[in-house]
């Protein structure tokens, strides 16, 4: 079964900044999608500028894993689309947040925390260390790999404790950062991966591309999407799995919905 | 040092339902606050109907641990107040969610998930089992205790994997539920505790009261509240902890704020 | 790629107890292995009575996922074999512990805790609830399923907090139990699954068989086994990734091994 | 209530290495104990060379939190004493492992993993970053602090995923390390803290001393020690919490112990 990945790109700096346009002439989203395409993964792209940001209900229903890169225009993403993506994650769609997407509405929505950090744009050296040996997302990687020029992100990183810490970054200027973190939100697998500042050729790096492909395979949940993902069904007394008799006062009438 | 607890009550059914009013003549929030008061804990109350729902900035700044009971009127809580409470939790305020607060805006905000479940209002027997021995929240409790009449909540419970599962409930009708779950969100400790349907005298139960007092002590973070909890400070090259030289192209000018 | 499962059975009660022999005429291990065989999984068996308990170095090197059922003879398993299995788990072999294997030496070795519980052998009803929706180990299962006759295991279960709680059991006599728990130990995935008392036909149950197949697929780590899994390599100054100069006093001479 | 800490020191290099003896003239254990003594904590010491390594049953019964520093003589610690300490941790005693105690028998016993890492003794700079803001163990600390000369420990660190990652270290030579990790084993809180190579004055550092005092307070579990910590009690049918009738075949006779 082919995994259907969809790469969402903000697609702003590619249009306005010559450095970014030179590194990613077809846009960062297209470079990422090209890196994903392989035996087992198909990859399409969507951008902020498209109707519904390219994330229609039909499109999301056909997406196994969504990758998200955004930076300058987090605020331009419609709240309605953020909720739609969140529901698909809850229902089982995988989601991979890239670099500056730590401040994407969808990441903050799913984490419930500020997702803040410290930063410095100096083209310094970053070295990523694998902290969970043989984790599927680290498959085929050495114990560490280096990106010669990257933006620095530093701890404390304002996220919940993850299920697993897969990568930690060392920065030349003296900081560290938890660069690969796994979460589950509803039935959806979520992975945050730090590298990917737009003025450096990070998504052309072979190790980074390996992480992206691994992460898509890890995040893919082959189970059917959960329907009615916010449902809170009443189980009437007469349908109880064990025979019980109703006792005491009640608030709700038969068949009445719960409050929410 | 006294811990300053604040019990927030929706205070709706106490006014409209004779059963609830008979069990909790001063309101559920007052019963809960009375149960908290002890050596080491002071407790006040606030309700939905007060200006700013009783949760002004000044009040929250003076609160170490907030307890939240809501059910019929989740939708009436102003979004602005929910964000204010979330920021205080991120900054270090403890938060305890009680029973039907699984659907409170603030809980969904902090969890990032649907927080849904199955339910049945039949006055059936609930038995809570301690699953983390000697956890501070279970201090002084036996391995299990029983509530003769409670509403049933059943799995799957739509929340993220907790830091620790402290209680699991057995229900007479055949369901189970993770009844005591710990989380950390930013610098704030968060605890969800299941029992407490308004038509039963749950908050008069001695074991439940023990859990509430324990939970307040556990959730209390004595460290000073974090200021500017959403800040993402730039660390300029010249202030780097290790000497580095700027390299490569930049997106941001000196002193410019990051995108968000 | 076929996953190579190996089912280890203690094979004692099948030889000494007519009830068990009637339910599992070829032994529990053979029944479990037969349930595993499917597209994608091959399954062999090994037993306590074989030389080296059937767990030679060559055999383990050819095993992707080991399943372990033991009860009456935990003490007869040689410590040397337990260590061998532990090393293979650390190196990446999956391990699935079944029912009374909660007291197997290998489980206690990997958990570091007593792994104790309460129990009752009364053929009572057990109902397993899925607590992690769409978890790969729960694929294809309904939200709950029932085993009409099982031994009861009750909380508190003396194990570390898991990575994820996948199943929780309800028992007719009033107890609950965390019945499906995931761990990672070194590079190896570990799953504990509760049902499977030998006097009941549990391993003939279709839902249980689904869990076993799912668990094997989940536990399988396709990465090459880690070599020298206990190594703690010295990184000499001259091989440091960043240029550093040795400073201050030293304990170790050049090339000397670390203490252990 | 005073917390009773006990600092266990291997006390080998203090006797054989002039550098170590000069930095810690009364032994590392005495320096650590002195750093702990404060309002609320009393601290005594024990060493390898004492009868039963100074860890008699009576002594452990009077200990709330045990701190452990060992390096050259892990192998000389008697297995019986390791088991005794493990049982006390399971029963609720706190345990803090310092630096090279990553290879102490008691740490490997409780983790179930190799606990290995990479290392380099070059007196290089280590900077510890707080990754869990306002965690009690980080109380009163800045977001980062530096030790000018330390031994390097590098990832991957062969331990299970912790409950929380409190500190991550940056090393001058290019490595990172999870330097502060929390676990719970049975009823006992366990904390691993990385710094503390014997040829550097690490335990005289004010920030390190703050961590040690914080960690003792965090690890302290005021609940009474659990008795019979390995018990697996049978719950007879006639004592079941809910009335049940025995059904089906049994393995055990009335009153018979379980297998183990």
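Letters A, B, C and D name the chains as they come in the text, with residue numbers starting at 1 for each one.
Here is the rule we use: a residue touches a chain if its C-beta (ideal position, glycine included) is under 8 Å from a C-beta of that chain, and two chains touch if they have at least 3 such contacts.
The structure displayed is predicted, hence computed values, not measured ones.
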Any chain in contact with subunit A as well as subunit B: C, D
Selected pair, greater C-beta contact count between C-D and A-D: C-D
Chain located farthest away, centre of subunit B as origin (C-alpha): C
Angle (degrees, nearest 5) of the CA superposition of subunit B onto subunit C: 180
Proportion of interface numbers common to subunit B and subunit D (over half same, under half different): same
Rounded Å distance between subunit A and subunit D, as computed from the means of their C-alpha atoms: 36
Inter-chain centre distance, subunit B versus subunit D - centres from mean C-alpha coordinates, in Å: 31
Chain centre separation in whole Å, for subunit D relative to subunit C (CA means): 26
Residues of subunit A engaged with two or more neighbouring chains: 127, 132-133, 144, 154, 158, 161, 163-164, 172, 174-175, 184, 186, 241-242
Interface residues, subunit B side, partner subunit D - complex: 92, 127, 132-134, 136, 139-140, 144, 146, 163-164, 172, 184, 186-187, 221-223, 226, 241-242
Of subunit B, residues touching subunit C in the complex: 127, 129-133, 143-144, 154-158, 161, 163-165, 168-171, 174-176, 178
Subunit B contact footprint on subunit A (complex, rising order): 13, 17, 19-20, 71-75, 86, 90, 100, 103, 109-114, 116-124, 149, 152, 154, 158, 160-161, 163, 172-175, 183-186, 197-200, 229-237, 240-242, 244-252, 258-260
